[in-house]
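Letters A, B, C, D and E name the chains as they come in the text, with residue numbers starting at 1 for each one.
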Amino acid sequence: HAAEKKDFKVAWSIYVGWMPWGYAADSGIVKKWADKYGINIEVKQFNDYVESINQYTAGAFDAVSVTNMDALSIPAAGGVDTTSVIIGDFSNGNDAIIVKGKGDVASLKGQSVNLVEYSVSHYLLARALESVKLEEKDLKVVNTSDADMAAAFKTPDVTAVVTWKPIVSTILESPDATKIFDSSQIPGEIIDMMVANTEVLKDNPKFGQALAGIWYETMVALEKDPAAKEAMAKASGTDVKGFDEQLATTKMFAAAKDAVAFATGPDVKTTTERVSKFLFEKALLGKDAKSPEAIGVAFPDGSIFGDKDNVKLRYDATYMQAAADGKL
Amino acid sequence: MKGIVFDKVWKEYGDHVVLEQINLEIAPRAFVALVGPSGCGKTTFLRMLLGEDTPTRGAILVDGRPLKPEPDSDRGVVFQRYSVFPHLTVVQNVMVGREFEKSRLLGRLFGQSRKAAHDEAMQLLSAVGLEGHENKYPASLSGGMQQRLALAQALNRRPKILLLDEPFGALDPGIRSDIHVLIRRIWNENDLTVVMVTHDLSEAFRLGTRVIAFERQRNRPEEQERYGATLTGDLPTPAPPLGATITRDFDVWPPKIASPLPNAEPAPQPTNGKNDSALH
Amino acid sequence: MRAINIKPNRGWHVLLACIPFLLVLVAYAIGSSLRLAENPNDKLLPGFGAIAEAVKQYAFTEDARTGLYLMWSDTVASLARLLSALAISAVIALFFGIFIGMLPLARSTFGPFFAVASMVPPLALLPILFIVMGLGEASKIALIVIGTALKLIRDIALRVQEIPREQIIKAQTLGASTWQIATRVITPQVLPRMLDALRLEIGPAWLFLIAAEAIAADSGLGYRIFLVRRYLSMDVIIPYVIWITILAFVMDMALRWVQGRAFPWFAGARAS
Amino acid sequence: MRAINIKPNRGWHVLLACIPFLLVLVAYAIGSSLRLAENPNDKLLPGFGAIAEAVKQYAFTEDARTGLYLMWSDTVASLARLLSALAISAVIALFFGIFIGMLPLARSTFGPFFAVASMVPPLALLPILFIVMGLGEASKIALIVIGTALKLIRDIALRVQEIPREQIIKAQTLGASTWQIATRVITPQVLPRMLDALRLEIGPAWLFLIAAEAIAADSGLGYRIFLVRRYLSMDVIIPYVIWITILAFVMDMALRWVQGRAFPWFAGARAS
Amino acid sequence: MKGIVFDKVWKEYGDHVVLEQINLEIAPRAFVALVGPSGCGKTTFLRMLLGEDTPTRGAILVDGRPLKPEPDSDRGVVFQRYSVFPHLTVVQNVMVGREFEKSRLLGRLFGQSRKAAHDEAMQLLSAVGLEGHENKYPASLSGGMQQRLALAQALNRRPKILLLDEPFGALDPGIRSDIHVLIRRIWNENDLTVVMVTHDLSEAFRLGTRVIAFERQRNRPEEQERYGATLTGDLPTPAPPLGATITRDFDVWPPKIASPLPNAEPAPQPTNGKNDSALH
């Protein structure tokens, strides 16, 4: 069992909503807050998002940056009780469905669609299809690595892709690319957050507090300090202009109180229900899952979705609240 | 002018003079045995005759015409090793020459012409004593049998000149004398000029109608620094290194012809050694 | 007696050979049970039961949606790619290898180029490959071909140059043209040696296959591994990896067998 | 004259060697200008100007924040990983290779295991590797080591077995123990041959380095390539790939140079 | 009981009988030359004497004790090739035996003891005529020099028995007779039993005090199918294949001792051939 400890490891991967973590580590914000709570925090960057979640699930890391859907399907379904410490943003256009030439969602019928299977892209596609009464059966999904999506779109046999920024921006530079659906049409359903191992957190609340402290100080830097933004832009392989473009479609909760409001609001619950259903249909809730409710999800107000005896994902607003109240 | 003529031939590799001023006339149907210490350039001499290498200076003429500058079917060759093709059976090894000739594109014969080539090859094989082995691969033959095969293979295209580079150097003494009989018979029965390099003096005198010795001109003790020794002391500029050339040239008398040698015949001594090379 | 002179007999040999495999199994079993004791849902080192369960599901149960036995359809898809790529690679390499190894002019022209080109990391140039070949089977096969053919070419060119010069001269004295030397002397001798070179490329070929399938595919062993990697299903990955290892090993043995069968002269020629 | 007998002289050799490189350049230039004519913003085949611009920015402009020249710091990071991995690989392989090649008992025990293990695709086992080795440099180095050492071990074991039995017997008649044979007869003779084997592993080592850096790193040539790949910045990827090729080529030449220098006896012994 | 005794020794590889019923007693200080056709088991015989291989049946005794079952420093050896270490210089090749002896862990000597070993090696080198070459690597020596080096190296540990497997088989005739002189001198000056395998009968008679011939018992024509021929026709069960054994055993008379042979000495004929093997 996780006992009180001093050394913590945080994994993050390159994505616009998580770039602050890298900046916080480089600029000393992490160290400042860790020192304040008398702990050590190592922040590790991953190029490969999936690998970072896997490492967290396997216990090599105490916290990881992840989307709500992946938090449910990977660590939670893998038996690792996980708590959402910080809700950083939700995707508000970052994820998009793009076709070559003209078209709309209904025209996807019968086409091949390239996307990263079982990722939020897959979910976005499912939601888009739902809106025009289509099903996944009506088209063909081809698993394609995100790193190669931009190049893939340039090939003649690829006609539709679902992916996220910055790849979306790169693809949209092609004159023949048309965005037909994006996450701003399902606002608040693709949530980017920092999650931590529940047990670790229970035994070491300081860790959660430090994470919140780090995050909101970095948010201030992002808003106020152009150098900070430039550093983040550079680290994500682009420039400030490109980074701003990505930020524009990301609903950042720069202020802790906004994040608390979102976390305690009703959207999270309906989203959880939708995502669970999607994951269940894809058999991603575990082999033994008999229904979308197989994995319990707890919300800040104490209510629980799904199996009360198998709660593995917990939305917790305590640390964000503490930040909002200036109690860190 | 018939036969092979070496006219003031030099061979150098960079600074290293291998052969120096070779003047030589080889009569048609001669059996020339070439002897000389290791590294003196015997193989180089043969390579030039093959057309594999060209003289640095001088010219080589065959029947009055300059030598073709690449190996061709008018000159057959047998090396000490690697002469036969390991992926072909014995009879295929012999036939292949005819196939090269008759089938420019495929290098393979079929039907009637194949049968003719096969029969011809079988005759040659029986001439060299390999009947019954025709479907084996060379690797399963002994060294002596492989060299017989190489001979049969070389003879198949009826070359005018047969070049042998220590063909029996790797064989046991017993097997060697058997094959000596064979090569004499072949030479007797065909219109063939033979040039054979050998390490073995007794072999040279037993087989050759003419024995030619190559040597570096300044005799240096065996197994000494090879070229350094030529750079002698007190000359202001180093003396140019010396190449090998013909130092002795015997006509073996009486010129041997016909009749296989008896197996145990003692090595003949040179009865009429002359020390003049043919063109001097 | 010196250790160098101690030779195990047949029985001991078999026994000894099993030891490292057993050790790995035991180490895995211990590691797995330790992790499972801590978190019964741990996915990193699943127990043997869970692995057997996954194998049953993937190899012996029809997939509900497609009606296929996933492991077999993945195997068929991957092997089709791998084998056709290796075949193409072999043909290209045979042609260029003989060309370069045999003709000094070709060697001058292409030798340095292939020496440099074989150092290019092919994965990094994938985008260009996609444009040229599209995203379908062609580009996957092309990736494997590029990854293996350059090595093969250089290898075959070397083997051609190892053919004793004496044979080339002999062929010429038998009247062979360059073309005849290539087709009747060099090619048949290089073929069995190419199988040796090909055996060395089986490992890299699998590597590139997995990489290609990870990038864009809807079936294949590498595809499946990368897909289930998303939720760390080591219970699927481990049997797949073992299966790939077995396949690679069998291919290696098959090539050796073919070599012995198709080129009966080769064993003898190599020994001498 | 037969094509097989035509040999270019020195000058022609150099000229001919340039042709394929020029052809690739020209093909690229044409492809690039065609695409750029169609879409001036095309990123797939950037013009030479754009590439030069990117090189200038990455190799010759200080990064504002860190004060580093990105391409150089990437190179240092990658080379540090690669070279230390190859060094570790060589040491491990030397030890096991000699052990297995020399002692029949060790050969029986480990030979089949390494034969099978060398067929395992290491990339598929990355998650386990990361858990065991952590995310730092160790796991990247470990991936390269695993990817190269197994081949090296088998190669070295073969080379050890190629040492003429006569020498081993001779050493014993001179009173050498197994240990003395290993250290004074086998190791020094295997070292230069190991360099040959190591040269063959440079390519795979880069492959594994790039794969490792693609997953978890914050610097390195492979890291950068994968980072900018999202933006399809071929203007950065292409010079990086060329640079990697050059580095690999230089490493190859360096190993050859070391071989000639450190083992003056080897060239003669190999020829005979 | 002094000397080497072979007591009813058989050697088989699987079904294939290589040596059959070898009974032999070799006196101390004898110089035994072993001859026989290729593949008859001469090397196998030597390997058993080395301890590299063990008899299938029978026993080998040295000075009354069973032979150590592995090569050791009481028996020196020189092979036709690969006898010397290519990575050591000439003098290091000779010294290394002493280093193995004196420095169990490092196999290297330093300081005073190194100097002693070096001096000793230089003496041996001058005895075999290699002074001045001590810092070269073997690859830059000629074949003859390499074999001299192999001899010096083998003698450095002062073995009681010296085994030679066609040590001069790959050398030119001229070089060969030089080295014959050397080996005779070495044998004369040391307390050494020599067993030498050779293909060359004249060499055997020139050097040996005793010449032993091995042969397969049923003589089959040279270069025939080797073992198939033993499976003769109409027997219900195939006859067991025959191994080679001692067919002749000459004491060369007068037993040769001392005094280097003159370079051009003609091959002595066996003056007193006996056909009984020593133990029959």
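In this section, contacts are C-beta pairs under 8 Å (C-beta built on N, C-alpha and C of every residue); 3 or more make two chains touch, one makes a residue touch a chain.
Just so it is clear, the model here is predicted, and its values are computed rather than measured.
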Touching both chain D and chain E (chains): B, C
Which neighbours do chain A and chain C have in common? D
Please flag the chain sitting at the greatest distance from chain E, going by CA centroids. A
Busiest interface, judged by C-beta pairs in contact, is C-D
Please report how many Å separate the Cα centroid of chain A from that of chain D, as a whole number. 37
Compute the distance, rounded to whole Å, between the mean C-alpha positions of chain C and chain E. 47
Indicate the residues of chain D shared as contacts by at least two other chains. 2, 44, 127, 131, 172, 177, 229, 232
Multi-partner residues of chain B (each touching 2 or more other chains): 70
So chain A residues touching two or more other chains come to 54, 58-59, 147-148, 150-151, 154
Going by the touch definition at the top, which pairs of chains touch each other? A-C, A-D, B-C, B-D, B-E, C-D, C-E, D-E
Which of the residues in chain D come into contact with chain E in the complex? 164, 166-167, 169-177, 179-180, 183-185, 188-189, 263-269, 271-272
Quick check: in the complex, which residue numbers of chain E touch chain B? 37-38, 142, 144-145, 172-175, 178, 199-201, 222-223
Residues of chain A touching chain C in their complex? 50, 54, 57-59, 73-74, 77-80, 114, 117-119, 140-145, 147-148, 150-152, 154-158, 284, 287
Touching chain D in the complex: which residues of chain E? 50, 52, 70-73, 75-77, 79, 81-88, 96-97, 99-101, 104-108, 137-140, 150, 153-154, 156-157, 159
Chain A - residues contacting chain D, complex: 11, 14, 22, 44-48, 51-52, 54-55, 58-60, 146-148, 150-151, 154, 166-167, 169-170, 173-175, 227, 230-231, 234, 236-238, 242
